[in-house]
Amino acid sequence: MQNTGTLIVKTSVILIFALLLFAPFLFQDVRSLEVAARICIFIVLVASFDLLIGYTGIVSFAHTMFFGFGAYGAAILLKTMGPGWTPVILGALAGVGVSLVFAIAIGLLSLRVKAIFFAMITLAAASVVLVLASQLSQITGGEDGIIYKAPDLFKPATKLLTDADGKVVRLWGVRLNGKLAAYYFVFFCALALFLVMLRFVGSPFGTVLKAIRENEARAEAIGYRVVAYRTAVFCLSATIASLAGTVYAVWLKYTGPDTALSFAIMIDILLMVVIGGMGTMWGAVIGAVLMILAQYYLRDLMGAASEAMTGIPLLPELLAPDRWLFWLGIIFILLVYFFPKGIAGTAMAWGEKA
Amino acid sequence: MPSPSLVTKDLTIRFGGHVAVNNVSCAFHPGELTVIVGPNGAGKTTYFNLISGQLTASSGSVLKDGTDITRMSPSARAHHGLGRAFQLTNLFPQLTVLENIRLAVQARSGDGWRMFRPVARMRALTQKAEHYLEATRLSGVAHQTAANLPHGDQRKLEVALLMAMEPDIYMFDEPTAGMSLDHAPDVLDLIAKIKADPTKTVLLVEHKMDVVRALADRIIVLHNGELLADGDPAEVMSSRIVRDVYLGTATEGAA
Amino acid sequence: MTALTTTLGRAGGVNLLPLAVALIAFVLIGAPSSWVTLTVAGLAMGMMLFLMASGLSLVFGLMDVLNFGHSAFVSFGAFVSASVLAGLGGWLAADSWALNALALAASYLAAILFGLIAGWFFETVIIRPVYRDHLRQILITIGAMIVAEQTILAFWGGTPYSVGRPAFLEGSWIIGDVSIEIYRAFAFALGVAVFVMLYLVLNRTRIGLLIRAGVEDREMVEALGFRVDRLFIGVFMLGSALAALGGAMWAGYETLITPHMGADLMIVVFIVVIIGGLGSIEGTLLGALLVGLMSNYVGFLAPKLALASNMILMVAILLWRPNGLRPAVK
Amino acid sequence: EDPIKIALVHGLSGSSFEAFSKQAQTGFELGIEYGTGGTNEINGRPIELIIKDTQFKPDVARAVLAEAYGDDEVLLAVGATSSGVTVGMLPIAEEYEKILIVEPAVADSLTGPDSNRYIFKTSRNSSMDMQAQALALNPDANLHVATLAEDYAFGRDGIAAFKSALDGSGAKIVTEEYVPQGTTDFTAYAERMFNALKDKEGRKVILIYIAGGGDAPGKIQAMEPSRYGIEISMGGHILPVLPTYKRFPGMEGAVYYYFEAFDNEVNAWLVEEHTKRFDSPPDFFTAGGMSAALAVVKALKEAPDYETDTLIETMEGMSWDTPKGKMTFRPEDHQALQDMLHFKIKVDDAVDWAIPEKVRIIPAEEMNIPIGRDNQG
Amino acid sequence: MSLLSVRNMKTDIGQYAVLHDVSFEVPEGGVFVLLGRNGAGKTTTLRSIIGLWKPSPGSVTFRGEDITALHTADIARKGIAYVPENMGIFGTLTVDENLILATRNGRFDAARLARIHDLFPALAQFRDKQAWSLSGGQKQMLSIARAMIEPRELILIDEPTKGLAPSIVDAMADAFREIAQTTTILLVEQNFAFARALGRDMAVIDDGRVAHAGSMDDFAADTALQDRLLSLSV
């Protein structure tokens, strides 16, 4: 039953995870590690959003809100209690708790209304939370956000392994220090959460979600309580987003509206899920990787291109690195236009025909 | 006669000023196949909707095996053993035929909330779904997307979904409408088989008189939302009133 | 309960909501002059929102196209008109009332013209492939919004752009302790004019019906002898032109504009359309007036709540009427 | 010789503030040019600027700053544009033990308890803005002020600084209004302030402290506060915004920089060169960028070696010349103390914008800027 | 000269060739019936005539004018009405609004409206009701009424009797007879009894080709032919 397209997609995803696993050793510069960690987090975030939009057909603009709850939960506690594992765990729990309360309230209140109204309600809720975060600056640090220290294990100065002289052991040129530990913390958390979600979508529960997306009334008629399932998946994806937020907060050691709550992140998530392909889980991985690479490297590439083009009229202007968002937007439109199923979806469908 | 499995008491629904189903009281029994006839707009589909829960009654009640289910959601009624196929094809279009049926099977078995077991490993579900595929002669297209099926096969899948729910009460709304002459018998055979089970109650809306004659144990006639006649097929069909409001004259022989 | 509903219905039903809100506010505020100032300002603010929302209401309510790019038309309208005003700075600064008005009219015309052309382009290139597909609409128009915002950034730069305003629209009329901003009165009049025009077009002609029918079953409308493609382009152009006009008007109100002004306004504009109910221009007006009044009253009575007032209003109304106040489509 | 690498880390895309970043970078380049006498070399080593974009995202900013320190091995970095992004960058400097010069982000907190000894700040902070603003009002017992600010840390801190500057002068705050960020309609708040002020005797002022758009001053002015004898006061702004100030002839306030107001050699060069090259006078982020560059140049010229600790030692307490006069890094929290401009708006039809004419320069010593942290301790 | 002639029409839907070679002539006046098994291509033929699919090659000529390349809307404006298989009802519009859209100038001709209300009383009863809430049969009636609300030259009707109660089918046969006196009807039908009662000329489509064309009387008499083409054996 596996066609070539699906095989290619799955192989690439496994390859991506393998690259992420060895990232600290393969790419030994600072930025690469940041990029790799961000990719890990966003894979989880995007996949959990895919549970909503791709599997169940729920359009929510509140996903970053849940991400933010998790991030702020850990951040606030790490700040007030000082570095350690207890605040991380308590923060994760608090984030999940708040997320669940919001998800249930929004879900029960408005999952019955028209899909588009639901989207708007989540948008409004998210924007209120965003402003609240900036107003409650005593707790949240306001616009400026909060900086704090991660558990000691993740300090760059921490030595995981020492040699005879008490110096950090290097493996293939990489120092086995706290930074590395932090990265693997992120990586394995992301991997675990992703695998859990894979499990979800393959389960009977996952098929019910698809049924609801396809034909809500009929799902109800054959005996599924649609509102209950919708609320459940909304809570589930909120929980996972919140956990991703906590992990990101631990990694970044900084949490602020722009890293955890802003609408820009929501748009990033949307772009990623669409570019990768909705309703596939694999697409989330591909989308997150491509988008984040673009965010971090497209600029540089364009700078080079723009320089190479000097002399030719107009082109250098358009290729000016600061206009990279312009090109991203155009690429995005073309993708939605020509590959409505995203990269993974298209590849898999293409394999079906072949 | 066993006690009725389904009873509607003074069942009524109004849409604005229009009364689409008006004080319909009727009891249905296991082992019996009742055909519901009536002119277009008589309220047959609406009556089904009230029983299966797509609409909620303005007044009156629906009882299943003595339990009042009038205010229950469609899903709750499905759990109480009411199953329904639709007049207009109503499937999960982007899922395969097998997945469509498996959804109904797993709704019945109550596995919908299991989140960690891969469906692929739940052999029992798949086997049961395959059983119904065979019963409806859809095995050949098991892995096709429902939307890509020819019209006739879509109608069969509609019936297969109902079968897989294994309800106590089967409701068919014009199951053979738009089905060509080589497909219809498959479906009619299935209905006949269900009818043969003494524990099952069958309700059938149908305009084709040959089908009605072949299957009906009992006919009820709806007109303007009211129950106009109820009884033995031959008797009802020959009554004047039914000829007047429903059959007309010219086409009787030809249909 | 039903008796109450029917009495209310006869008296004007939901149309009375703004009046009811105003009355309650009168009691709470106490100071009549403040109340009048706030009410007039709120109504005018509502009308300005209506101007921007009307285009969205058209394409979203009738054509069922969820255009997040609408905000781009608002921003573009603002920048185009501001540029024209800057270009006609001489006329604007002139001492002649007529020249001032001419400059203003020219700037609005430019915005409208731009809206028409951009709407045509947008419909043919961006929207046409995604009719009836909400999700792709959301996505593709978000993409378009990004591109449009970047284009504005490239053209006009990121610094706030200042907008000229004719002298006769500056200042306020002061009547006793009540102050009525002249610009708002002007916006109010413009809003009323647009409303009347739209109302006539949609209710006195078959256009409204055709659009809704065309959304539902395009082929059938064509089989009845209507060119749906042209109709849709027309509607879209009109919607975009209204957005651009709304943007131009808003630019004059704000006097300093940034490329993301449209995006900043989008949430409240969406709220207006949703409160009003899809597909009815009357509903949009009602929603806009309610939002305008509420934000002024709440801002005065309980500034702490101002932030959430729109949100609370929307949720309350959706709980009461899940389809909005006056939906044309159920 | 090895080049001296300096990273400029600013938001260059993704927000309309990117224009500010560009001003700051232009200013920085001009500063290097001026400071090195056009040679672009210090102690025989060429200066290499590495430009990084934060995209206005703190996480991106942290990554690119880490990259600058870790991979590009810059000596020091300058940035960033918005306070939130800059807060996120502070610990990176500490982690890599390299200097970060904050310019042009303003928040006081950047030199506060969350900051560290690797942070120097050449940009003015909110306290300076607001204290200067208070001083520009010439407060006395006759003065009644209503304040309008946005409801978040920036707004509330600003008003707090303003109030503390009024302390002891006898001036009274009659009401403090806080509006949600992004508010565009100020009628309700204006009514509240009018109601609070109108029956007071003496000088009545509405102080507006809103960084975002919305044009609160213009809208309140349109409601004619003058009928109650109420004046409006606010700080200065960048040139593109100054045209809107034409509606407030005679208004007094304080600002960080205006090109005509500062009379010194550096500023003269800056105005001349900028006008020549860009056909427009320098704006205030340009001046800021230049000040940062001049600080770097002076420190590099004076420091015996370029170890971070040596540099910190050199810079603590260092004074240097900038387009707006002498600045001094306060040793405790590394904030550069600087003069502010008390202006009065003059409208001249020949000039596109309203001119903030100099009333006087408020010397740094006159302001009592709270110390954010103590790097010495 | 015939009113409509279809010549060598070949229509592809996506990559599938549905019609291979369809030619027939519809004379002016009366009912012309197209018969054929499920999936034979009847609906596709009607859609190709009204321009919703574009045949290539092949031509459709209406009153001597080649309309093959015209836009559907322009074809409709030549006086051709279409009653599709799925009824094409605008559910969010009321019954009256559905009808008014089908009029040329946005106003009802009182006499025609009265005739329609006479024929389909349900449409009179539910004038202001949103059409989605009509019963299946009522929708079918509305769809036919839309074709009758204006004078037309030719009405294309796709399986009108599906899902209708026997008595309504009777009434509809009468209505068609009446319409056919002034307007030509091209009727696609599975219900052979109904078709036989109305049709004057007919054609059978099978597998995208015209398998037989001639007069209805001859066809009705030839049971062997019926058996072969329609598998109508009881």
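Order as written gives the chain letters A, B, C, D and E; numbering starts at 1 within each chain.
Following the convention adopted for this analysis, a residue touches a chain if its C-beta (ideal position, glycine included) is under 8 Å from a C-beta of that chain, and two chains touch if they have at least 3 such contacts.
Keep in mind that this is a model prediction, so the values were computed, not measured.
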State which chains count as neighbours of subunit C and simultaneously of subunit D. A
To get from subunit D to subunit E along touching chains, fewest steps? 2
Please flag the chain sitting at the greatest distance from subunit A, going by CA centroids. E
What's the chain with its C-alpha centre farthest out from subunit B? D
Whole-Å distance, subunit A centre to subunit E centre, using C-alpha means? 54
What whole-number Å value describes the gap between the mean CA coordinates of subunit A and subunit D? 35
Cα centroid separation, subunit C vs subunit E, in Å, comes to 45
Residue numbers in subunit C touching 2 or more other chains? 307
So which chains end up touching which? A-B, A-C, A-D, B-E, C-D, C-E
Interface with subunit B, subunit A side, in the complex: residues 1, 199-200, 202-208, 210-211, 214-215, 217-226, 229
The residues of subunit E that touch subunit C in their complex are 50-52, 71-74, 76-77, 81-82, 84, 88-93, 97-98, 100-102, 104, 106, 130, 146
Complex interface listing, subunit D residues touching subunit C: 15-20, 151, 177-180, 182-185, 187-189, 191-192, 195, 213-215, 218-219, 222-224, 227, 238, 240-241, 243-244, 247, 349
Within their complex, state which residues of subunit A touch subunit D. 29-31, 34-35, 38, 131, 134-135, 137, 141-145, 147, 156, 252-254, 256-259, 264, 295-296, 299, 321-325
Quick check: in the complex, which residue numbers of subunit C touch subunit D? 31, 34, 37-38, 41-42, 45, 93, 153, 157-162, 170-172, 174, 179, 181-183, 253-261, 264, 295-300, 303, 306-307
